[in-house]
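Report on the structure given below.
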Amino acid sequence: MNTRWLAGKALTAFLTLIFVLVFNFFLFRVMGDPTSQLARLPRATPEEIRQLQAYYGLDKPLVGQFADYVADTATADLGISQKTRRPVWTEIGEALPWTLLLVGTGTLLAMVIGTWLGIVAATRRGTRTDDGLLGFSLFTYASPEYWIGIILILLFAVAIPIFPAGLQETPGSQLTGLDRVLDIGEHLVLPATAMTLMLLGQYFVIMRSSMVDVLTEDFVTVKRATGLPWARVVRGHAVPNALLPLVTLSAIQFGIVMGGAVTIETIFSWPGLGELSYQAINDKDFPVLQGTFLVFSVAVILLNFLADCLYFFLDPRVQAP
Amino acid sequence: MSLLEIEGLEVRHRGQPIVAGVDLAVEPGEALGLAGESGCGKTTTALAIMKLLPPALEPSGTITLRPPGTDEPVRIDRRTERGMQLVRWRHVSLVFQGAMNALDPVQRVDRQILEAIRLHEPRAGKLGGRIKELLNTVGLTSAHGRAYPHQLSGGQRQRAMIALALACRPALVIADEPTTALDVIMQAQVLELLERLRTELGLALILISHDLAVLAEACDRLAVMYAGRIVESGPAEQVFRAPQHPYTKRLLDSLPVIGGARGVADPIPGTPPDPHDPPEGCTFRPRCPYAADVCLEEPALREVASGQRAACHFAPWEPESWAVRRPGGTP
Amino acid sequence: MRAVLATRRGKFSFGVLALFLFIAVFGALIAPQDPRASSTDVLEGPSAAHLLGTTEVGSDVLSQLLVGARVSIVVGFAAAVISAVIGAAIGIVGGYFGGWTDRAFDSLENWFLVIPQLPLMVVLARLLDPSLTVLIAVIGLTSWAGTGRIVRAQVLTLKERAFVERARALGASDRHIMRVHILPNALPLIFANTVLIVAVAILAEAALAFLGLGDPESISWGSMIEQGFEAGAPSAGAWWYVVPPGLCIALLVFAVGLFGYLFEQQVNPRLQERT
Amino acid sequence: MGRRSLVAVLAALLFAVVPAAAQAQDDEALRIGWEQDPQTLSPFTDQDEESYRIWAINYDLLVNFSPDNLGPAPGIAESWDLSDDKKTVTFKLADGLKWSDGEPLTSKDVKWSLDTLGRHGILFTSYTENIRSVQAPDATTVVVKMKRPDTRIIGGMFVYILPEHIWGKQTVKQLTGSYRPEAPIVGSGPYVVTEFDSNRIVRMERNPNYRGEPGAFSQIQWIKYGSADAVERALTLGEIDLITEVQPPTFDRLDENPDIEAVKSPSPAFSQLAFNLCPRDICPDARFNPAVQDRTVRQAIGFAVDRQRINEIASRNTAFPGHGLLPSYYKDFYTEPTGDLDYPYDPDRAREMLESAGWVEGDGGVREKGDQRLSFDLFVRSESQENIQMARLVKEMAAEAGVEFKVQVVSVDKLTELTVREVDGKMAPDFDAFIWGWGGDPYDPGILLNLLTTKAIGGSSDSFYANPAYDQLYDEQSGEFDLARRKELVAQMIEISQRDLPYLVLTVDPILQAYRTDRVAGVEQQCPKPDGDIICDQVSYAPFLTMRPAAAEVTGTATSSSSDDGTNGLVYVLIAAAVAIVGLVVLMILRRRRRDREAIEV
């Protein structure tokens, strides 16, 4: 087993993580001192402002703050939110599942549909279907995801009110069990569609070009020559080989996905990490912003590493060179 | 009756023929060499036999196969795709040039052989033994079988390819440039292997190569293709001794003879014609030193010696007449 | 370039690009009305007076669209140029010298590629006061990693080429070799990749404007969607306010992407699609 | 991918579209939507409007605001009397008062609240600055001694009365730090918070021990949406019943909807064009154009700016034009400035004033005198599109009179920095003019009047206006209990501020609210009557006692709403079924066509 390759990938992931932690610290300390906002209120006396600054440890010299930061992050203590005074982990903990649900469904659907369309287009290269699919996916890939979201709202929530266009479940309802799942499912339809349309193009383009390359390989002709029906040649041999580049290239995609989460969640009032970070920016709640930014980066690093592992298991040429 | 008969095979690409008027026959157990520069339509002909041409190419003409053990002949040109799936690999199999990507890189070698067998003999029981035996016949062990293609050397991969080709005990194997990607020693081993298999299994072989030396050793009969047409065919030994077409002659002249006079073989001037605007009359005319006005009219492939046919107005050529006949002379 | 224009798709994408460039330059002149002039007929549908209806402040959507083109295109191209310059520089220097500098650049690129671009841009935009130059700098600084990586790959191959060996043998300095030999050969690839970055940059500007972090002074397609959204256009069914700007972004990015894709095909041998 | 995945996709579509079971519609709940939700709901640390809205229902003040004219009305204290020297007040509590958790509510709670919350709550310290001592001789009496007469002690002491048996357990350091009250939040108001799920919902249910008649609604749900558009969409689609803050651009459109009633009422807040009048001795290092301190210039600007047009364009005609420092909301104290002091729009008058004051037209149409030019930096916050639009309009109109405003859009931090900048201990404001806003207390005008006092410099004053006569009047009115006399004093202060014009108040911000007439009945504009807002926003819970579900009157509307959920549920099933059938048919055709092609020979 060629574990050296895998270990190399793990090391780069870890190094990037350290790099992110250090950069995060400076990035947010430079963000400006949030307590200056208090000076604005008529009733806050300068003495109170100092009290708050001391509370957040902002009065210590930068080095002192960095030492606290390293100690805190090591113990996964991201401080408390300045807005809700709750530990940042609780805020993130409440928001994370919703983002995973939205991003998960969106990415999954985008992968399945994107890849499938990619294969269909590759096997019908040059025909009108190929051009049509290429046009459609490049167009959805080019359009801003929040704009797609707004169009979906216009069509399916305002013009023909089939689906709810906001929140993750009917507000204030105490549904349980299957009713709640269905209710959430119904609220999930539009945001997930927006997410899927956003990511579809990337998977389609990668899969199509990868399939086109594979289909010109000699072994595809040999497989057909052995009498295998074309459909089984495509599904059994061409697709597995075409999936390999898809796994690595789609890893870069996760960075975009997180960006999409911010905008799509904001339009649909989907209480995920994206919306939490958007609110944190407006409330100048920098512990939460720092926390969400960290979780986004860690998620992307992890997903990239996962993609490497998946590639490792999928491709024998890497397992045992 | 011959195992495979091809009459008037034509393959057109956007209306222009890139293979025209090909007539070939292969007897059971016979080895037919198909020679010609790259791009002259050799591979296209091979793919046409197995009906594996890409959609852009439209074949026409008749291809008849008479596999042993079946009474009425198989008209390949009239077969549907589903029909061909029953023929491919059971009666005719293929060995590709660069075996590196001729085997599925993410699947073990024995698995690929198993899949081919299972396809045509679904009810076959345990195939472990049979695969092991197949590998041994091509000089590989079952350990090689368990490996992935990238873990084998060039020669081993080519042997695996041959094992795969023999998996369903076909009557005819088409080997398209099987040794081109190998070094000389490996080349000799593979050719010797093909020869041994042919005699032991009574296998018919179509060996495609641009290298006449390879064909000289391994084949009984030889056909030379130029710009999509058969310009000469006949018993290999006879064609080598008395080529009846200027193109074959030039090909033979460009062969280095070990121990022969030292000197760089003079290459054939010019380049193969573009299939989309073929020259008038004989396709070799623009590059033929003996071309004359009569060559403006396309010569037919006719019997010029016993069992030997050539498509040249000046045929039959006596060995010494190559020097005498002035370029441009009358027949 | 000629080859790209030959294909039907090439003509289409170049045509759309030319149209938007024309609008970017002459947008303000051909705009029927002053995009900022507010009037009392608020969120009106398309009418003779206002071909694309009015905004929540009563200004003319069509004029805003035409004027908005400039920001999107200026930011898009300027940011792409910045990212190309940085990417090319780091790619060439890193690729050429290799060793420690290359590994450092590589991990920096790795970080930029891994970090989700939008959140990083949002934080940077929030730090500095919103203005056009800040916007361009932020997008430029966060999108160079891709170019850097591709250029380094090509420089590694160029470095081994004969003419570089010969130049070094003739005593040419590293800087000279990079400038005279490496850069010209890498230029076509840099250009092709930059065109793709333009598409990314335009989307980034629109996203930042949508999140309210764009330059408040100027009108851009992204800010139009944001203001439309804030003003409740979707629930008012005021499609004419939010649909056209998004459509323009999509069309422009689509055209730029397609043009870059076709151009890269010509330039990048590996991508040659075998017919 | 072939057939199997096609079927999988169809199934997924079917599942997602299957309708939710008709939601159990809790018709008794009043559902209110908003764009921001409270921070922690702890009066010691929270500073936003949303928290005030909840506190105003969850808690009582010692003396509440009457919904009629916002004057003093019985709260925790049933009655009170003022000593002759006006420095001691004795409050009598009704006996048998209970907190929502059944604990007795006594004078001890009042003393604790005034002493602890009054001293340490971020937003409450200014109210108790004149209190010397608070005593609780017996369970139902509270005696408050003041350092000097302060009218706010009766009807302005905006300090909520908290249950000591809950809050008292925490140290002050914890209270002002990370303490966050847990639901249910014990209170004395008609409804108390029973669930606070931040970023999602604040649920308030009836207080079983409320001393008065309970409200008609069994629950009040405050639902958080991601954006203003989402809130308004929820109201139009009937997901919520009432909105506390409607956005100006969509106010008229909501009003056109037959089921929705949109209500506009004046608020105690305004947006003003502020000038930098800091005297040299107080701000030696301040960087600004001294011409802004010339009173005639400011008055000319007053005439040059048409405040009605600003209201029409910038606030989409939803606000009220400004008339001096005190908004008309303060009914008992408001007198509209008369004649020139109201600065009616008169551009010619402005040009003539400047001309006669020696400001000659220079290059670019900008007036100048000696080495001074009427060219000012006008800062405005990037967060508020309305303020930016106002700045552009002021610039447009001032240019007509020859005054140049260079509009600078900056972030809120930068603008704060500019106004609170200090150079070695001395104030050094670094601006000529800016547009921002202030909000005052519900009844007592003290907060707004204090903005222009000299002692406020370094605190809330951002015009750095210093006028001893104004300060003297301010101190006098803050201790004057006789309403008529106090109104006369306030009128004089307004006259001075209008003449010197440190602030040109452009518009008085409106309270824009909307509710579904088919869901909520018994809605009335109050606080103050007749043109106040419909829920006495952040001031009193009275409206929540008079509002009731409209469904109660017209039977069936409420139930019908839930039933039509059912009907469009049916619609989805049909769509899903149709899609599935079509999918299967297509599959059949595909398979049959493929089988034909497979014939052995053609």
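Residue numbering begins at 1 within each chain, and the chains themselves are lettered A, B, C and D in the order written.
As a working rule, contacts are C-beta pairs under 8 Å (C-beta built on N, C-alpha and C of every residue); 3 or more make two chains touch, one makes a residue touch a chain.
Predicted model only: the values in this text are computed from it and were never measured.
Novice: So which chains are sitting against chain C and chain D at once?
Specialist: Where chain C and chain D share a partner, that partner set is A.
Novice: Which neighbours do chain B and chain C have in common?
Specialist: Of all the chains present, those in contact with both chain B and chain C are A, D.
Novice: So which chain is farthest from chain A, going by the mean of the CA atoms in each chain?
Specialist: Result for the farthest chain: B.
Novice: Any idea which chain sits dead centre by C-alpha averages?
Specialist: If one averages C-alpha positions chain by chain, the most central is A.
Novice: Chain A to chain C: how many Å between their CA centres?
Specialist: One centre to the other, that is 22 Å.
Novice: Chain A to chain D: how many Å between their CA centres?
Specialist: 36
Novice: Would you kindly tell me how far, in whole Å, the mean C-alpha position of chain D lies from that of chain B?
Specialist: 88
Novice: Please work out the Cα centroid separation of chain A and chain B, and write it as a whole number of Å.
Specialist: Once rounded, the distance between the two centres reads 54 Å.
Novice: Show the residues in chain A shared as contacts by 2 or more other chains, in ascending order.
Specialist: In chain A, the residues touching two or more other chains are 32, 153, 158, 165, 266-267.
Novice: Can you list the chain B residues in contact with two or more other chains?
Specialist: Residues 81-82, 86 of chain B each touch two or more of the other chains.
Novice: Using the touch rule from the top of the page, what residues of chain D touch 2 or more other chains?
Specialist: 227, 233
Novice: Assign the assembly's chain-to-chain touch graph to one of these shapes: line, ring, star, complete, other.
Specialist: Shape of the chain contacts: other, as it matches none of the listed patterns.
Novice: Which pairs of chains touch each other?
Specialist: Result for touching pairs of chains: A-B, A-C, A-D, B-D, C-D.
Novice: How about chain A: which of its residues touch chain C in the complex?
Specialist: 12, 15-16, 19-20, 23, 27-28, 30-32, 138-139, 141-144, 146-148, 150-151, 153-154, 158-159, 165, 209, 212, 216, 252, 254-260, 262-263, 266-267, 277-278, 281, 289, 292-293, 296-297, 300-301, 304
Novice: For a test of understanding, state which residues of chain B touch chain D in their complex under the given definition.
Specialist: 75, 78-83, 86
Novice: So in the complex, the part of chain C that touches chain A is made up of which residues?
Specialist: The touching residues are 107, 110-111, 113-120, 122-123, 126-127, 199, 203, 206-207, 210-211, 213, 222, 225, 228-229, 234-235, 237, 239, 242-243, 245-247, 249-251, 253-254, 257-258, 271, 273-274.
Novice: Could you please specify the touching residues of chain D with respect to chain B in the complex?
Specialist: Interface residues on chain D, with respect to chain B: 597-602.
Novice: Of all residues in chain C, which touch chain D in the complex?
Specialist: 36, 38, 40, 42-43, 56-57, 129-130, 212, 216-217, 227, 229-236
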